[in-house]
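Several structures are given next for inspection.
Heads up, the next two complexes both have subunit A, just with different partners, subunit B and then subunit C.
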Partner chain A sequence: MTPLLKFLLAAHVVLGLLGVAAFYAVWMGLLRETSPVKFLKASAIWGVVFLVLSWATGGYYYATYYGAAVRSVIRAGQYSWAHNVFMEAKEHIFLFLPFLGIVLAVTLVALGERIDQKPVLKKELAILAGVLSVLGIFITLAGAVISGAVR
Partner chain B sequence: MAATIAAICAIFFVTLITVLADLVPPLKDWLKAVFTHHWIGKGILSVALFALLFLVLEKTPRQAEEGRLAAMLRLLSWFAVLGTLVLFGFFLYEAFVK
Partner chain C sequence: MSWEIFVTISHIIGTVLGVGGATFAEIFYLKTDKNGSVAYTVMRIGMIILVLSGFGYLLLLRFSGQEQYIYSPRLWAKLTITLVILVNALLLQIHKLPIKVGSAISLTSWYAALVLGAWRGLPVGYFGIMAWYMVAILAVALLQHFIRKKMIVKA
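Take a look at the complex of A and B:
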(Lines of atoms letter the chains of each structure in order from A and count residues from 1; the text may use other names and numbers.)
(Lines give C-alpha, C1' and ligand atoms only; values in the text may rest on other atoms or scores of the structure.)
Protein backbone atom coordinates (compact mmCIF):
# COMPACT_ATOMS: atom_id res chain seq x y z
CA MET A 1 0.00 0.00 0.00
CA THR A 2 1.35 3.43 -0.95
CA PRO A 3 1.85 6.17 1.68
CA LEU A 4 -1.02 8.11 0.08
CA LEU A 5 -3.42 5.18 0.49
CA LYS A 6 -2.27 4.65 4.09
CA PHE A 7 -2.92 8.33 4.77
CA LEU A 8 -6.35 8.19 3.11
CA LEU A 9 -7.36 5.09 5.09
CA ALA A 10 -6.28 6.71 8.37
CA ALA A 11 -8.03 9.96 7.39
CA HIS A 12 -11.21 8.02 6.55
CA VAL A 13 -11.25 6.45 10.02
CA VAL A 14 -10.42 9.67 11.92
CA LEU A 15 -12.83 11.85 9.91
CA GLY A 16 -15.59 9.24 10.29
CA LEU A 17 -15.08 9.13 14.06
CA LEU A 18 -15.12 12.94 14.23
CA GLY A 19 -18.36 12.96 12.21
CA VAL A 20 -20.04 10.43 14.50
CA ALA A 21 -18.77 12.30 17.59
CA ALA A 22 -20.17 15.58 16.22
CA PHE A 23 -23.64 14.09 15.74
CA TYR A 24 -23.47 12.31 19.10
CA ALA A 25 -22.86 15.77 20.57
CA VAL A 26 -25.90 17.08 18.64
CA TRP A 27 -27.97 14.19 20.05
CA MET A 28 -26.89 14.92 23.62
CA GLY A 29 -27.39 18.68 23.12
CA LEU A 30 -30.95 18.15 21.88
CA LEU A 31 -31.78 16.06 24.95
CA ARG A 32 -31.00 19.04 27.20
CA GLU A 33 -33.89 21.18 28.44
CA THR A 34 -32.19 24.34 27.18
CA SER A 35 -30.51 23.77 23.83
CA PRO A 36 -27.02 25.18 23.21
CA VAL A 37 -28.18 26.43 19.78
CA LYS A 38 -24.88 27.82 18.47
CA PHE A 39 -23.07 24.63 19.50
CA LEU A 40 -25.74 22.43 17.90
CA LYS A 41 -25.58 24.27 14.59
CA ALA A 42 -21.77 24.28 14.48
CA SER A 43 -21.56 20.63 15.52
CA ALA A 44 -24.09 19.53 12.86
CA ILE A 45 -22.35 21.52 10.09
CA TRP A 46 -18.91 20.18 11.08
CA GLY A 47 -20.42 16.71 11.31
CA VAL A 48 -21.56 16.92 7.68
CA VAL A 49 -18.12 18.19 6.59
CA PHE A 50 -16.38 15.33 8.43
CA LEU A 51 -18.73 12.70 6.99
CA VAL A 52 -18.34 13.98 3.42
CA LEU A 53 -14.54 14.06 3.75
CA SER A 54 -14.59 10.55 5.29
CA TRP A 55 -16.73 9.44 2.33
CA ALA A 56 -14.26 10.91 -0.19
CA THR A 57 -11.09 9.56 1.45
CA GLY A 58 -12.55 6.12 2.18
CA GLY A 59 -14.17 5.99 -1.24
CA TYR A 60 -10.89 6.60 -3.04
CA TYR A 61 -9.17 3.88 -0.98
CA TYR A 62 -12.09 1.48 -1.51
CA ALA A 63 -12.42 2.01 -5.25
CA THR A 64 -8.71 1.97 -6.09
CA TYR A 65 -7.17 -0.46 -3.59
CA TYR A 66 -9.58 -2.47 -1.39
CA GLY A 67 -11.32 -4.35 -4.21
CA ALA A 68 -8.09 -5.43 -5.86
CA ALA A 69 -5.84 -6.13 -2.85
CA VAL A 70 -7.87 -6.61 0.34
CA ARG A 71 -11.21 -8.14 -0.64
CA SER A 72 -9.59 -11.23 -2.20
CA VAL A 73 -7.48 -11.81 0.95
CA ILE A 74 -10.53 -11.66 3.22
CA ARG A 75 -12.69 -13.83 0.95
CA ALA A 76 -9.95 -16.46 0.70
CA GLY A 77 -9.58 -16.66 4.48
CA GLN A 78 -11.80 -18.18 7.17
CA TYR A 79 -13.57 -14.87 7.83
CA SER A 80 -15.04 -14.30 4.36
CA TRP A 81 -18.28 -13.18 6.02
CA ALA A 82 -16.41 -10.06 7.19
CA HIS A 83 -16.45 -8.81 3.61
CA ASN A 84 -19.60 -10.50 2.37
CA VAL A 85 -21.76 -9.20 5.23
CA PHE A 86 -20.03 -6.39 7.12
CA MET A 87 -18.17 -4.61 4.30
CA GLU A 88 -21.08 -4.90 1.89
CA ALA A 89 -23.50 -3.55 4.52
CA LYS A 90 -21.08 -0.87 5.78
CA GLU A 91 -20.25 0.62 2.39
CA HIS A 92 -23.92 1.03 1.51
CA ILE A 93 -25.36 2.04 4.90
CA PHE A 94 -22.63 4.69 5.10
CA LEU A 95 -24.31 6.40 2.12
CA PHE A 96 -27.30 7.20 4.38
CA LEU A 97 -25.28 9.23 6.88
CA PRO A 98 -24.47 12.42 4.92
CA PHE A 99 -28.17 12.81 4.00
CA LEU A 100 -29.25 12.40 7.62
CA GLY A 101 -26.57 14.89 8.66
CA ILE A 102 -27.59 17.46 6.05
CA VAL A 103 -31.22 17.27 7.23
CA LEU A 104 -30.11 17.83 10.84
CA ALA A 105 -27.85 20.75 9.90
CA VAL A 106 -30.40 22.43 7.60
CA THR A 107 -33.25 22.07 10.12
CA LEU A 108 -31.16 23.28 13.08
CA VAL A 109 -29.93 26.31 11.12
CA ALA A 110 -33.48 27.11 9.96
CA LEU A 111 -34.99 26.79 13.45
CA GLY A 112 -32.18 28.57 15.28
CA GLU A 113 -33.19 29.94 18.69
CA ARG A 114 -36.81 28.76 18.20
CA ILE A 115 -35.84 25.11 18.75
CA ASP A 116 -36.79 25.09 22.45
CA GLN A 117 -40.24 26.52 21.61
CA LYS A 118 -40.94 23.55 19.34
CA PRO A 119 -40.72 20.45 21.56
CA VAL A 120 -42.20 18.07 18.98
CA LEU A 121 -39.64 19.03 16.34
CA LYS A 122 -36.86 18.99 18.93
CA LYS A 123 -37.80 15.43 19.93
CA GLU A 124 -37.81 14.23 16.30
CA LEU A 125 -34.44 15.88 15.65
CA ALA A 126 -33.04 14.20 18.77
CA ILE A 127 -34.31 10.81 17.51
CA LEU A 128 -32.76 11.45 14.09
CA ALA A 129 -29.42 12.45 15.65
CA GLY A 130 -29.61 9.29 17.78
CA VAL A 131 -30.26 7.12 14.72
CA LEU A 132 -27.32 8.73 12.90
CA SER A 133 -25.04 8.20 15.92
CA VAL A 134 -26.01 4.55 16.37
CA LEU A 135 -25.58 3.83 12.65
CA GLY A 136 -22.21 5.59 12.76
CA ILE A 137 -21.11 3.44 15.70
CA PHE A 138 -22.29 0.29 13.88
CA ILE A 139 -20.31 1.31 10.78
CA THR A 140 -17.22 2.00 12.91
CA LEU A 141 -17.47 -1.43 14.55
CA ALA A 142 -18.00 -3.05 11.11
CA GLY A 143 -14.76 -1.35 10.00
CA ALA A 144 -12.95 -2.88 12.99
CA VAL A 145 -14.33 -6.34 12.08
CA ILE A 146 -13.11 -5.95 8.49
CA SER A 147 -9.65 -4.77 9.60
CA GLY A 148 -9.42 -7.76 11.95
CA ALA A 149 -10.38 -10.18 9.17
CA VAL A 150 -7.47 -9.00 6.99
CA ARG A 151 -5.00 -9.94 9.74
CA MET B 1 -39.02 20.02 4.73
CA ALA B 2 -37.45 19.81 1.22
CA ALA B 3 -34.21 18.32 2.57
CA THR B 4 -36.12 15.79 4.70
CA ILE B 5 -38.25 14.50 1.80
CA ALA B 6 -35.19 14.45 -0.49
CA ALA B 7 -33.25 12.43 2.13
CA ILE B 8 -36.10 9.91 2.51
CA CYS B 9 -36.10 9.38 -1.27
CA ALA B 10 -32.27 9.14 -1.41
CA ILE B 11 -32.16 6.51 1.35
CA PHE B 12 -34.96 4.53 -0.30
CA PHE B 13 -33.06 4.76 -3.61
CA VAL B 14 -29.75 3.55 -2.09
CA THR B 15 -31.50 0.59 -0.45
CA LEU B 16 -33.42 -0.33 -3.62
CA ILE B 17 -30.54 -0.01 -6.10
CA THR B 18 -28.18 -1.93 -3.79
CA VAL B 19 -30.49 -4.93 -3.56
CA LEU B 20 -31.50 -4.72 -7.24
CA ALA B 21 -27.91 -4.43 -8.48
CA ASP B 22 -27.01 -7.65 -6.66
CA LEU B 23 -30.07 -9.48 -7.96
CA VAL B 24 -29.90 -8.13 -11.53
CA PRO B 25 -26.29 -8.37 -12.78
CA PRO B 26 -26.87 -6.19 -15.91
CA LEU B 27 -27.76 -3.28 -13.60
CA LYS B 28 -24.50 -3.71 -11.66
CA ASP B 29 -22.59 -4.00 -14.95
CA TRP B 30 -24.21 -0.78 -16.16
CA LEU B 31 -23.21 1.04 -12.95
CA LYS B 32 -19.64 -0.20 -13.37
CA ALA B 33 -19.54 0.75 -17.06
CA VAL B 34 -20.86 4.28 -16.52
CA PHE B 35 -19.27 5.21 -13.17
CA THR B 36 -16.16 2.92 -13.14
CA HIS B 37 -17.41 1.27 -9.89
CA HIS B 38 -20.93 0.24 -8.83
CA TRP B 39 -20.54 1.89 -5.41
CA ILE B 40 -19.41 5.19 -6.96
CA GLY B 41 -22.44 5.02 -9.25
CA LYS B 42 -24.81 4.50 -6.32
CA GLY B 43 -23.21 7.43 -4.48
CA ILE B 44 -23.33 9.81 -7.44
CA LEU B 45 -26.90 8.88 -8.36
CA SER B 46 -28.15 9.23 -4.77
CA VAL B 47 -26.50 12.66 -4.39
CA ALA B 48 -27.95 13.75 -7.75
CA LEU B 49 -31.43 12.54 -6.71
CA PHE B 50 -31.15 14.31 -3.35
CA ALA B 51 -29.96 17.58 -4.94
CA LEU B 52 -32.61 17.52 -7.68
CA LEU B 53 -35.48 16.81 -5.28
CA PHE B 54 -34.22 19.38 -2.80
CA LEU B 55 -34.06 22.11 -5.46
CA VAL B 56 -37.49 21.26 -6.90
CA LEU B 57 -39.23 20.92 -3.51
CA GLU B 58 -37.55 24.05 -2.14
CA LYS B 59 -39.15 26.07 -4.94
CA THR B 60 -42.56 24.46 -4.48
CA PRO B 61 -44.75 26.84 -2.48
CA ARG B 62 -46.33 25.19 0.56
CA GLN B 63 -47.39 26.14 4.05
CA ALA B 64 -44.73 25.65 6.67
CA GLU B 65 -46.37 23.21 9.06
CA GLU B 66 -44.56 22.08 12.18
CA GLY B 67 -46.57 18.87 12.54
CA ARG B 68 -45.89 17.80 8.97
CA LEU B 69 -42.14 18.46 9.29
CA ALA B 70 -42.07 16.44 12.53
CA ALA B 71 -43.86 13.56 10.79
CA MET B 72 -41.38 13.68 7.90
CA LEU B 73 -38.43 13.66 10.32
CA ARG B 74 -39.92 10.60 12.05
CA LEU B 75 -40.39 8.95 8.65
CA LEU B 76 -36.74 9.70 7.77
CA SER B 77 -35.57 8.03 11.00
CA TRP B 78 -37.66 4.97 10.18
CA PHE B 79 -36.37 4.82 6.61
CA ALA B 80 -32.78 4.93 7.88
CA VAL B 81 -33.42 2.13 10.40
CA LEU B 82 -35.43 -0.04 7.99
CA GLY B 83 -32.94 0.56 5.16
CA THR B 84 -30.15 -0.60 7.48
CA LEU B 85 -32.08 -3.74 8.50
CA VAL B 86 -32.96 -4.54 4.88
CA LEU B 87 -29.37 -4.16 3.67
CA PHE B 88 -27.80 -6.04 6.58
CA GLY B 89 -30.42 -8.78 6.31
CA PHE B 90 -29.97 -8.99 2.55
CA PHE B 91 -26.20 -9.43 2.80
CA LEU B 92 -26.61 -11.98 5.60
CA TYR B 93 -28.99 -13.90 3.34
CA GLU B 94 -26.60 -13.65 0.39
CA ALA B 95 -23.66 -14.85 2.49
CA PHE B 96 -25.23 -17.70 4.46
CA VAL B 97 -28.52 -18.78 2.90
CA LYS B 98 -28.39 -18.27 -0.86
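Take a look at the complex of A and C:
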Protein backbone atom coordinates (compact mmCIF):
# COMPACT_ATOMS: atom_id res chain seq x y z
CA MET A 1 0.00 0.00 0.00
CA THR A 2 1.43 3.39 -0.99
CA PRO A 3 1.78 6.23 1.58
CA LEU A 4 -1.07 8.08 -0.20
CA LEU A 5 -3.42 5.10 0.16
CA LYS A 6 -2.43 4.68 3.82
CA PHE A 7 -3.18 8.36 4.39
CA LEU A 8 -6.54 8.07 2.61
CA LEU A 9 -7.54 4.99 4.62
CA ALA A 10 -6.55 6.69 7.90
CA ALA A 11 -8.39 9.89 6.89
CA HIS A 12 -11.47 7.84 5.94
CA VAL A 13 -11.52 6.20 9.39
CA VAL A 14 -10.84 9.36 11.44
CA LEU A 15 -13.28 11.54 9.46
CA GLY A 16 -15.95 8.84 9.60
CA LEU A 17 -15.56 8.55 13.40
CA LEU A 18 -15.78 12.33 13.80
CA GLY A 19 -18.90 12.36 11.60
CA VAL A 20 -20.60 9.65 13.66
CA ALA A 21 -19.59 11.45 16.90
CA ALA A 22 -21.10 14.71 15.56
CA PHE A 23 -24.43 13.05 14.73
CA TYR A 24 -24.47 11.18 18.06
CA ALA A 25 -24.06 14.61 19.73
CA VAL A 26 -27.00 15.93 17.64
CA TRP A 27 -29.07 12.92 18.75
CA MET A 28 -28.27 13.59 22.41
CA GLY A 29 -28.99 17.31 21.98
CA LEU A 30 -32.37 16.66 20.33
CA LEU A 31 -33.39 14.44 23.25
CA ARG A 32 -33.05 17.35 25.69
CA GLU A 33 -36.15 19.28 26.71
CA THR A 34 -34.55 22.59 25.71
CA SER A 35 -32.55 22.27 22.52
CA PRO A 36 -29.06 23.79 22.38
CA VAL A 37 -29.84 25.22 18.91
CA LYS A 38 -26.41 26.70 18.07
CA PHE A 39 -24.69 23.49 19.11
CA LEU A 40 -27.13 21.33 17.12
CA LYS A 41 -26.66 23.36 13.93
CA ALA A 42 -22.85 23.44 14.21
CA SER A 43 -22.64 19.75 15.06
CA ALA A 44 -24.91 18.72 12.17
CA ILE A 45 -23.01 20.88 9.65
CA TRP A 46 -19.64 19.52 10.84
CA GLY A 47 -21.11 16.01 10.74
CA VAL A 48 -22.00 16.45 7.06
CA VAL A 49 -18.55 17.87 6.25
CA PHE A 50 -16.83 14.94 7.99
CA LEU A 51 -19.04 12.34 6.33
CA VAL A 52 -18.58 13.81 2.84
CA LEU A 53 -14.79 13.92 3.29
CA SER A 54 -14.81 10.36 4.67
CA TRP A 55 -16.91 9.40 1.66
CA ALA A 56 -14.41 10.92 -0.79
CA THR A 57 -11.27 9.47 0.84
CA GLY A 58 -12.83 6.02 1.41
CA GLY A 59 -14.34 6.03 -2.07
CA TYR A 60 -10.98 6.74 -3.71
CA TYR A 61 -9.31 3.99 -1.65
CA TYR A 62 -12.11 1.55 -2.50
CA ALA A 63 -12.11 2.32 -6.22
CA THR A 64 -8.33 2.31 -6.75
CA TYR A 65 -7.03 -0.24 -4.22
CA TYR A 66 -9.58 -2.32 -2.31
CA GLY A 67 -11.23 -3.91 -5.34
CA ALA A 68 -7.93 -4.85 -6.96
CA ALA A 69 -5.73 -5.83 -4.01
CA VAL A 70 -7.80 -6.50 -0.87
CA ARG A 71 -11.11 -8.05 -1.94
CA SER A 72 -9.47 -11.08 -3.58
CA VAL A 73 -7.33 -11.72 -0.45
CA ILE A 74 -10.39 -11.66 1.82
CA ARG A 75 -12.52 -13.82 -0.49
CA ALA A 76 -9.75 -16.42 -0.80
CA GLY A 77 -9.25 -16.56 2.96
CA GLN A 78 -11.04 -18.04 5.94
CA TYR A 79 -13.19 -14.96 6.51
CA SER A 80 -14.77 -14.43 3.08
CA TRP A 81 -18.04 -13.47 4.81
CA ALA A 82 -16.32 -10.28 5.95
CA HIS A 83 -16.48 -9.06 2.36
CA ASN A 84 -19.64 -10.86 1.23
CA VAL A 85 -21.74 -9.67 4.15
CA PHE A 86 -20.09 -6.68 5.79
CA MET A 87 -18.46 -4.87 2.86
CA GLU A 88 -21.50 -5.42 0.66
CA ALA A 89 -23.71 -3.90 3.39
CA LYS A 90 -21.22 -1.16 4.27
CA GLU A 91 -20.74 0.13 0.73
CA HIS A 92 -24.49 0.60 0.24
CA ILE A 93 -25.23 2.18 3.63
CA PHE A 94 -22.14 4.36 3.23
CA LEU A 95 -23.56 5.80 0.00
CA PHE A 96 -26.67 7.32 1.50
CA LEU A 97 -25.40 8.32 4.95
CA PRO A 98 -24.21 11.82 3.88
CA PHE A 99 -27.62 12.47 2.29
CA LEU A 100 -29.39 11.66 5.56
CA GLY A 101 -26.93 14.01 7.25
CA ILE A 102 -27.69 16.81 4.76
CA VAL A 103 -31.46 16.42 5.38
CA LEU A 104 -30.88 16.70 9.13
CA ALA A 105 -28.51 19.68 8.90
CA VAL A 106 -30.68 21.63 6.44
CA THR A 107 -33.81 21.08 8.56
CA LEU A 108 -32.02 22.17 11.74
CA VAL A 109 -30.61 25.30 10.09
CA ALA A 110 -34.01 26.17 8.57
CA LEU A 111 -35.88 25.63 11.84
CA GLY A 112 -33.43 27.44 14.09
CA GLU A 113 -34.91 28.58 17.41
CA ARG A 114 -38.39 27.31 16.43
CA ILE A 115 -37.39 23.68 16.96
CA ASP A 116 -38.76 23.46 20.51
CA GLN A 117 -42.13 24.79 19.31
CA LYS A 118 -42.51 21.79 17.00
CA PRO A 119 -42.29 18.72 19.26
CA VAL A 120 -43.43 16.23 16.59
CA LEU A 121 -40.82 17.38 14.09
CA LYS A 122 -38.20 17.50 16.84
CA LYS A 123 -38.97 13.88 17.73
CA GLU A 124 -38.72 12.85 14.07
CA LEU A 125 -35.37 14.63 13.74
CA ALA A 126 -34.15 12.84 16.88
CA ILE A 127 -35.14 9.53 15.24
CA LEU A 128 -33.28 10.52 12.06
CA ALA A 129 -30.17 11.45 14.09
CA GLY A 130 -30.52 8.12 15.93
CA VAL A 131 -30.73 6.17 12.66
CA LEU A 132 -27.67 8.03 11.35
CA SER A 133 -25.71 7.29 14.53
CA VAL A 134 -26.65 3.60 14.68
CA LEU A 135 -25.89 3.05 10.98
CA GLY A 136 -22.65 5.00 11.39
CA ILE A 137 -21.58 2.83 14.33
CA PHE A 138 -22.52 -0.30 12.36
CA ILE A 139 -20.40 0.63 9.34
CA THR A 140 -17.53 1.68 11.63
CA LEU A 141 -17.52 -1.76 13.25
CA ALA A 142 -17.99 -3.37 9.82
CA GLY A 143 -14.80 -1.59 8.74
CA ALA A 144 -12.93 -3.20 11.66
CA VAL A 145 -14.35 -6.63 10.76
CA ILE A 146 -13.25 -6.20 7.13
CA SER A 147 -9.74 -5.03 8.11
CA GLY A 148 -9.30 -8.04 10.38
CA ALA A 149 -10.15 -10.42 7.54
CA VAL A 150 -7.24 -9.32 5.31
CA ARG A 151 -4.98 -12.36 5.83
CA MET B 1 7.65 10.83 17.38
CA SER B 2 6.38 7.71 15.62
CA TRP B 3 2.66 7.18 14.93
CA GLU B 4 2.68 4.25 17.35
CA ILE B 5 3.91 6.43 20.23
CA PHE B 6 1.46 9.20 19.30
CA VAL B 7 -1.47 6.76 19.26
CA THR B 8 -0.35 5.17 22.55
CA ILE B 9 -0.03 8.54 24.31
CA SER B 10 -3.44 9.63 22.95
CA HIS B 11 -5.00 6.36 24.12
CA ILE B 12 -3.56 6.81 27.61
CA ILE B 13 -4.76 10.45 27.78
CA GLY B 14 -8.25 9.38 26.63
CA THR B 15 -8.33 6.65 29.26
CA VAL B 16 -7.11 8.98 32.02
CA LEU B 17 -9.75 11.60 31.17
CA GLY B 18 -12.51 9.01 30.80
CA VAL B 19 -11.76 7.03 33.95
CA GLY B 20 -11.00 10.20 35.92
CA GLY B 21 -14.22 11.84 34.70
CA ALA B 22 -16.27 8.73 35.56
CA THR B 23 -14.70 8.55 39.03
CA PHE B 24 -15.41 12.20 39.80
CA ALA B 25 -18.93 11.97 38.34
CA GLU B 26 -19.50 9.13 40.82
CA ILE B 27 -18.06 11.11 43.75
CA PHE B 28 -20.19 14.14 42.86
CA TYR B 29 -23.24 11.91 42.55
CA LEU B 30 -22.65 10.27 45.94
CA LYS B 31 -22.15 13.68 47.54
CA THR B 32 -25.17 15.05 45.60
CA ASP B 33 -22.86 17.80 44.42
CA LYS B 34 -24.02 19.80 41.39
CA ASN B 35 -20.52 20.05 39.86
CA GLY B 36 -21.02 16.70 38.12
CA SER B 37 -21.50 18.29 34.69
CA VAL B 38 -17.78 19.23 34.56
CA ALA B 39 -16.89 15.58 35.12
CA TYR B 40 -19.26 14.56 32.30
CA THR B 41 -17.60 17.02 29.92
CA VAL B 42 -14.18 15.58 30.80
CA MET B 43 -15.58 12.07 30.26
CA ARG B 44 -16.94 13.00 26.80
CA ILE B 45 -13.59 14.46 25.72
CA GLY B 46 -11.89 11.30 27.03
CA MET B 47 -14.30 9.13 25.05
CA ILE B 48 -13.60 10.96 21.75
CA ILE B 49 -9.80 10.73 22.22
CA LEU B 50 -10.07 7.08 23.30
CA VAL B 51 -12.18 6.03 20.31
CA LEU B 52 -10.01 7.90 17.79
CA SER B 53 -6.77 6.48 19.21
CA GLY B 54 -8.34 3.02 19.52
CA PHE B 55 -9.10 3.02 15.81
CA GLY B 56 -5.61 4.43 15.30
CA TYR B 57 -4.32 1.18 16.81
CA LEU B 58 -6.46 -0.82 14.37
CA LEU B 59 -5.00 1.17 11.47
CA LEU B 60 -1.46 0.51 12.71
CA LEU B 61 -2.24 -3.22 12.91
CA ARG B 62 -3.61 -3.10 9.35
CA PHE B 63 -0.59 -1.20 8.00
CA SER B 64 1.93 -3.48 9.72
CA GLY B 65 0.30 -6.69 8.46
CA GLN B 66 -0.85 -7.83 11.92
CA GLU B 67 -4.54 -8.00 11.03
CA GLN B 68 -5.08 -11.20 13.06
CA TYR B 69 -5.05 -9.12 16.28
CA ILE B 70 -8.13 -7.20 15.10
CA TYR B 71 -10.23 -10.30 15.87
CA SER B 72 -8.94 -10.51 19.44
CA PRO B 73 -11.75 -11.13 22.00
CA ARG B 74 -10.24 -8.47 24.29
CA LEU B 75 -10.53 -5.84 21.55
CA TRP B 76 -14.16 -6.73 20.74
CA ALA B 77 -15.00 -6.73 24.45
CA LYS B 78 -13.57 -3.19 24.66
CA LEU B 79 -15.62 -2.13 21.64
CA THR B 80 -18.77 -3.63 23.19
CA ILE B 81 -18.12 -1.85 26.49
CA THR B 82 -17.62 1.43 24.58
CA LEU B 83 -21.04 0.89 22.98
CA VAL B 84 -22.53 0.20 26.42
CA ILE B 85 -21.15 3.57 27.62
CA LEU B 86 -22.78 5.35 24.65
CA VAL B 87 -26.15 3.60 25.08
CA ASN B 88 -26.04 4.21 28.84
CA ALA B 89 -25.50 7.95 28.29
CA LEU B 90 -28.44 7.98 25.88
CA LEU B 91 -30.78 6.15 28.27
CA LEU B 92 -29.81 8.52 31.08
CA GLN B 93 -30.54 11.49 28.82
CA ILE B 94 -34.09 10.32 28.06
CA HIS B 95 -34.66 9.32 31.73
CA LYS B 96 -35.25 5.65 30.85
CA LEU B 97 -32.64 4.47 33.34
CA PRO B 98 -32.39 5.33 37.05
CA ILE B 99 -29.34 7.47 37.74
CA LYS B 100 -27.96 4.97 40.29
CA VAL B 101 -28.00 2.15 37.72
CA GLY B 102 -26.56 4.36 34.97
CA SER B 103 -23.88 5.61 37.31
CA ALA B 104 -22.80 2.06 38.24
CA ILE B 105 -22.74 1.02 34.56
CA SER B 106 -20.68 4.08 33.57
CA LEU B 107 -18.09 3.69 36.35
CA THR B 108 -17.71 -0.08 35.85
CA SER B 109 -17.48 0.27 32.07
CA TRP B 110 -14.70 2.84 32.18
CA TYR B 111 -12.68 0.76 34.67
CA ALA B 112 -13.40 -2.41 32.67
CA ALA B 113 -12.03 -0.73 29.52
CA LEU B 114 -8.95 0.35 31.50
CA VAL B 115 -8.36 -3.17 32.87
CA LEU B 116 -8.87 -4.79 29.46
CA GLY B 117 -6.49 -2.32 27.85
CA ALA B 118 -3.78 -3.04 30.39
CA TRP B 119 -4.23 -6.82 30.71
CA ARG B 120 -2.37 -8.22 27.72
CA GLY B 121 -2.60 -11.98 27.35
CA LEU B 122 -5.84 -12.18 29.34
CA PRO B 123 -6.74 -15.90 29.14
CA VAL B 124 -10.53 -15.40 28.85
CA GLY B 125 -12.73 -15.39 25.73
CA TYR B 126 -15.26 -12.73 24.70
CA PHE B 127 -18.24 -14.21 26.57
CA GLY B 128 -16.13 -14.85 29.66
CA ILE B 129 -15.05 -11.19 29.70
CA MET B 130 -18.65 -10.01 29.25
CA ALA B 131 -19.85 -12.30 32.07
CA TRP B 132 -17.22 -10.86 34.45
CA TYR B 133 -18.17 -7.38 33.32
CA MET B 134 -21.83 -7.96 34.22
CA VAL B 135 -20.86 -9.37 37.63
CA ALA B 136 -18.68 -6.28 38.16
CA ILE B 137 -21.61 -3.95 37.34
CA LEU B 138 -23.77 -5.70 39.96
CA ALA B 139 -20.97 -5.54 42.54
CA VAL B 140 -20.36 -1.82 41.90
CA ALA B 141 -24.12 -1.06 42.05
CA LEU B 142 -24.37 -2.85 45.41
CA LEU B 143 -21.28 -1.14 46.79
CA GLN B 144 -22.55 2.23 45.62
CA HIS B 145 -25.92 1.53 47.29
CA PHE B 146 -24.27 0.78 50.65
CA ILE B 147 -21.96 3.81 50.48
CA ARG B 148 -24.88 6.10 49.66
CA LYS B 149 -26.95 4.62 52.50
CA LYS B 150 -24.09 5.14 54.93
CA MET B 151 -23.63 8.74 53.78
CA ILE B 152 -27.35 9.47 54.23
CA VAL B 153 -27.27 8.02 57.78
CA LYS B 154 -24.20 10.18 58.62
CA ALA B 155 -25.92 13.33 57.30
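We adopt the following convention: the second predicted complex is superposed on the first by the 150 of 151 C-alpha atoms of A that agree within 3 Å, B and C clash if a C-alpha of one lies under 4 Å from a C-alpha of the other, contacts with A are read in each partner's own complex, and residues count from 1 in each chain.
Note that contacts are C-beta pairs under 8 Å (C-beta built on N, C-alpha and C of every residue); 3 or more make two chains touch, one makes a residue touch a chain.
Quick caveat: nothing in here was measured; it's all calculated off a predicted structure.
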{"item": "Contacts of A:K6 with subunit B and subunit C, given as first, second, both or neither", "value": "second"}
{"item": "Touched partner set for A:H92, first subunit B, second subunit C, both or neither", "value": "first"}
{"item": "Contacts of A:L141 with subunit B and subunit C, given as first, second, both or neither", "value": "second"}
{"item": "First, second, both or neither for A:E124, with subunit B first and subunit C second", "value": "first"}
{"item": "Per-residue contact with subunit A, leading partner among subunit C and subunit B", "value": "B"}
{"item": "Which of subunit B and subunit C A:R114 touches, first, second, both or neither", "value": "neither"}
{"item": "Which superposed partner A:K38 touches (first subunit B, second subunit C, both, neither)", "value": "neither"}
{"item": "Subunit C-touching residues of subunit A, taken from the complex the two chains share", "value": "1, 6, 9-10, 13-14, 17-18, 21, 24, 27-28, 31-32, 137, 140-141, 144, 147-151"}
{"item": "For the subunit A and subunit B complex, residues of the former touching the latter", "value": "55, 59, 62-63, 67, 80-81, 84-85, 88-89, 91-93, 95-96, 99-100, 102-103, 106-107, 118, 120-121, 123-125, 127-128, 131-132, 135, 138"}
{"item": "Residues of subunit C defined as touching subunit A within the complex", "value": "48, 51-52, 55-56, 58-59, 61-63, 67-68, 70-71, 79, 83, 86, 89-90, 93-94"}
{"item": "Subunit B residues touching subunit A - in the complex, by the definition given at the top", "value": "3-4, 6-7, 10-11, 14-15, 18, 36-37, 39-40, 42-43, 46, 50, 66-67, 69-70, 73-74, 76-77, 80-81, 83-84, 87-88, 91-92, 94-96"}
